[in-house]
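Beneath this line is the structure, given in structure tokens, with notes to follow.
Think of it as A, B, C, D, E and F in the order they're written, each chain with its own count starting at 1.
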């Protein structure tokens, strides 16, 4: 491994930063990330970065705008202090759902965020489970997109009842649900939201019947829990066994999300630690760390000559 | 309408360029688009462009690389001759399927093409039915994405048997099939390709049973015809009435595609003229022109102060 | 005046936006500026912007990062909807104090913000009383910096006791205090903060003695009120008459600032409305609107051929 | 030599790529360069490039647009897979003749191609015998222009009859012909094409008379063979011995070129392998490989600290 | 003609700026172009430029670096004062001879100057008789290259003795000499400088013999006069009539150039006023103004819709 | 220290370049920096730069425009010859006083120069005592700003009479004077220039009375000597002891400056060698070399992993 790298972290998830650094046998770099009285971001590096390879760790979780500007200012400080190269590690890429315009009158915030991150001099990106794979193309710089699905599947493996079905809440997530289905050797069902009637979710899919079967509902993000709760309700109406397991990479857990899931019959939830979790977790929440996954990617980026095999090859999956 | 615009066209679809110009009460600008003996693109503008608003019309259809370089060279000629602004009109955006990487070892050609089009100075884009809506975000410049679905639906309206079902060949196209279903007030079925078994397409979806019912298979592009033929076969196995109607915006009609569809039981096909069609069309092929649609967009771009209502508003659909 | 412009405003100061629009005989453009449940900025233009000259009004006041991202997203939406040109109107430029590095380990956030504003396509800027005049040079795009000093002086003119002295809290603001002194034909005193002893402010300056005289303390921003309160205390120690008047362009009024000033003997405060003010103002607060000043600048930017005399000429001052 | 480089090659000249790699003791990197059914370029790297110095070998020979887009897509794939740096090796730079505008209504395709190559992230270029030396300046990135003239002269040395004259077909190539003349210690004659009479080439020059003397006609490119054939005819009319030898760096050999030269009395032709040669070569064709020349340049670019003497110094010539 | 333009001029050639402005019925804009005591360029616009089309007139004649920086600073002042667009009018483009590298260890200053002119925001260029036509391609922005050859030919027409020959001092200028020959219906002779012997110029060319004939020696620039003097000497040695006429677009007239020409037998010299001429002209110097030529180009750039026929068409020549 | 760097120097201060190189145990790279007869800059590198870390040493002293263009051309030559990275070492940054606009009609030349230096590919900057600290923010690239104040203070330490006062000529320089005062443990006085009366300087400040005390007048630049002379006169009027000592980082010594200072009662002057000094120095001039300071910075930039402690930390001061 090449000498001379440092990991700095914004305020969004210091525990994950520490875990990643520990995996690499390092510590998070000393750095003040604070606010001035008027709320402006204050940054002060407390160790030198000159000619060092810098990783800036910051999931873009709520409060997303503050976390974004912290990252921008960290990057500016490092670039001006003559860092060799800046790589942003974004375990959760916020604004990823802003990947298209509706009716031609909206921004494409995912591209906009990609552009401003590159403007401050970030030259490479590492991220986990983007909302759509196209988001990579919003960046001009290289993006290494990791997937937490194999790690989640390993954790799920012994907790799932026999005969379960993997369920995607809508067609847009079908590609990710298919990865779960493949990893877990289970049938896949894709739900479909009927636009005509506004918000009703209808059960369907190629996996046949869900009647009497347990379901694993999967998604990339749990935000308000609304999507999962609607899916559970539709599955229940279709006769599925009403004890749902849920898996998702990013758990934002906005106000009331946890309760909403419980009311909908979700008994167990598997997420990762890309987003910092609140202290008082409810029972039934299983958190799988992405630290080994991310640290492995950083280690590969630090190798002078990469010989570990093709990046993202199928060999890395589901082991 | 503001004076001082010109439309130049590459070699890909002169008939459509002429039709669009005619809708605007204009003619396609005089311009030599040729090849040197070694195959290099030769361009010579035969009328002045200085301070004029320029539209460059070129679908990126096969031979796609030649048509792409023609467009680039046209743009360079116009920019250097002091055109006021360049707008590329790409009724068919080639390389649109190159919108993501598989396994991290591929290019994202859709973004790459967007970048080089902007490099030569093209400042705005008009296109029709992109492969995925995210492609807009690969451009930094404004993209006005038009949809031919309402026009195709108007043409389909009287040719469809009662009780028909709209079928999407896979989940990735479901959003476009939903637009057809809404326009035609028909139920929607989304097929699903099982990855495990390689290439088999399985019938499924929320619209219930296809047994005995006629099907409208829709897609954005007909290339080799393989996707549509597989869908028709799967639908036939599921008992659908074996006289399929097909609708798609872009008809590339690669070698043998037409025959493949006929063998699969497709009796009628509706496409637009975004791609130039071969002379000897088979019966059952209906071509709807996008010239009015595109010309309307250009007219709006030429207005000094746009007051025609919000661009892309629902009012413009299915009238 | 050229037809075809629109003013959109972020959430930071809708009242000022409305006042500026009214001065121009217009209304603020219809536009949704909202938050998704996870706090991400949601923007939707509700009227067309194609080929229109767009002014985006947003002071970068607290919560500054949210207001900054709103502005970025508004700009992205307008650019992608083919606006003719974007001008950001920033009556208060936040992060302006981040104009230099201390010890080489900090960002220069003022330049960073300038860069990202230009990245999203903003081509011109209008601002009021920057923290230092050098901030203009952080922008590549044209910046029209207006000054509210003459308007504040007109409001102060009849409220100041005879024999008063204009006081700058430190040398860095001396240039702005000199403008007040000139406008009001009053002597100037510059205080000096002794670094040796940490934070003590010492009275000094060329204006002679403050003993027994009333003082007008001026600054560009009132944030926590700390600087002004220290200055008042130092002046009081030096024998100044303990009924201070304060003038500043931007009133952030962070928690407790108003009370701190009252305790320090400040009886009257003159600020502008660049930052939205809280509802429950204390007595003694005079708010001068910058709407006519800003609207005048926008009107000049809308003229096809500017003939109103040299911008920023001395004729415009102190009238 | 620094570890960690790879050479990838497009489809234009795999034999030359292999020869260059062999000179460096390496192999051409495994990489799929293919076409989708619609003719779009398909690229898939089959070995890792992360943090490696990458050389992309592709002469821009016919079909030039396909070869150009292959190169662009290869570069995009490598950049996104986090290659350390991309160097394009263009033994033949196509579009080099598009280096100026005629009448102000044409593109400058040479600059345009330079711009788009840089847009995809290529940071350095190696090329052989550009059409005009000014083309280097169309690139912002460093270009190392090698010359095959010394190698060709070494091959020519024993095959030329005594008393021969070096002939340049027109004034624009005189600088290159002078290099041959110097290398071979022979007199130089520059032909002049009379514009008045369209296409007639007239013999002239400072070398005195060609009557009865053998001639070596030199050029940078043999394309259709027309220029050389006209020159031979003019020389024959002027009494030159009608057994011409021809030397050129790049042999495109467009349809019928070889026959045209034979008919014009050309008995022997010396070219390099910058462009892949067809299988069925006629007798009298001598192909000199540029592999040692190019490999030497790549070796110098791979040295951490270059100490081999000034690049392009006269010592390297004519040995 | 569109209202709202202004012409500002650096210090290099105020007389030409005034003449161009007068042709357009305008005056040169009021503007201070000065030096601070330390020699730094001081610029102050004395009239508004906001939303106006700006032409910046400055030949890059000696002292070239000062004139270059004046132009850059003028452009910066205009851009920051919100000019609509900047067009640089460079009747003489200095550093044009720096268009290629020798031995790979030199700058390409012509491209470098093009880049920095574009960096300060100049969007279009107008120039006269570039050293090589490729220089246009060093600019990304549109360049309108005018030629003074027809105007010089009109002036020469009645002053040339019968039977004269047009002579190019070397092969690199042959394309320009051919334009004179065509305009004046005279034969062309191209001289050739023998590299072997250092600096000796040898007479040659397709025009047959110069013995006893008068010669018109043409070049783009007269700098030290050395090239012309050598050519005259070579022609004299070849028996030409020793009363030479010289024509060139740009007369730099460096120290002693005029005397050197007289000593070489040059009796009459025709140049333009692209470079400001010294006061005490010798007899035999004829200066043709490019003011009408340049003003015509500016008028065309000011037209909203250009309908004057193709730019640079043959109709414009030699009338 | 990493192998493979080279220092090239323009013509502005070869002695300083040699001294810096010697501190690093190296020599200044062989390189021709000359003028063509027309005054255009001629550059030719005489040793290889490929893959080497390059430092370009050039203070931007008078003639500033020539020295600026030399630096630009040097950078272009090095970049095109494939240097690994370019760092400009600007011991004196000319045009630093052009850091703001007055009245909105001027350029911001400091930003303009920063932009064009970055345009030619310079990636890092090292400079000494900028005119205002904000100038750093005009650069996008990292700038390491060194300060010569501690070194000057060490030289001053034994030459100053007891009881002396540090005097800043105006408020704008107060921050730098405060550094001297702190380093030398002396009181600080800030003079104030009264705008009303044009140019009169008035004595004031927090340090109490200057009556009978010796004064050290400090500034960043001595240009014409006017500012210092005025300050001395004002101090003399206020009763200061009329034997002034002057310290400044950059001594431009424009015509008559030295004499002006002597006439004003300045007996001793301390400057550095950032600007090359004339041969015939007057007595009383003490020149402190910045070579060790600059060489130390370059050594840090050459370290692969910087571990020498935080850059610019207080430990480095006043030792």
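In the analysis below, contacts are C-beta pairs under 8 Å (C-beta built on N, C-alpha and C of every residue); 3 or more make two chains touch, one makes a residue touch a chain.
Model, not experiment: these values are computed from the prediction.
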item	value
Number of steps on the shortest touching-chain route linking subunit C and subunit F	1
Touching both subunit D and subunit E (chains)	B, F
Identity of the chain that, by mean CA position, is farthest from subunit C	D
Whole-Å gap between the CA centroids of subunit A and subunit E	61
Computed distance of Cα centres, subunit F from subunit E, in Å	39
Between subunit D and subunit A, distance of the C-alpha-averaged centres to the nearest whole Å	50
Touching two or more other chains - residues of subunit F	45-46, 80-81, 101, 104-105, 108, 111, 115, 136, 144, 310-311
Set of all touching chain pairs, with the criterion as stated earlier	A-B, A-C, A-D, A-F, B-C, B-D, B-E, C-E, C-F, D-E, D-F, E-F
Partner subunit E, residues of subunit F touching it in the complex	36-41, 43-46, 62-66, 68-69, 72-77, 80-81, 94-95, 97-98, 101, 104-109, 111-112, 115-116, 119-120, 223-224, 252, 254
Subunit C residues touching subunit E - in the complex, by the definition given at the top	124, 136, 142-144, 300-301, 303-311
Subunit F partner contacts - residues on subunit C that touch it in the complex	99-101, 103-105, 108, 110-111, 115, 132-138, 140, 144-145, 171-172, 174-175, 178, 182, 188, 190, 192, 194-196, 202-206, 310-314
Residue ranges of subunit C in contact with subunit B within the complex	3-4, 45-52, 79-82
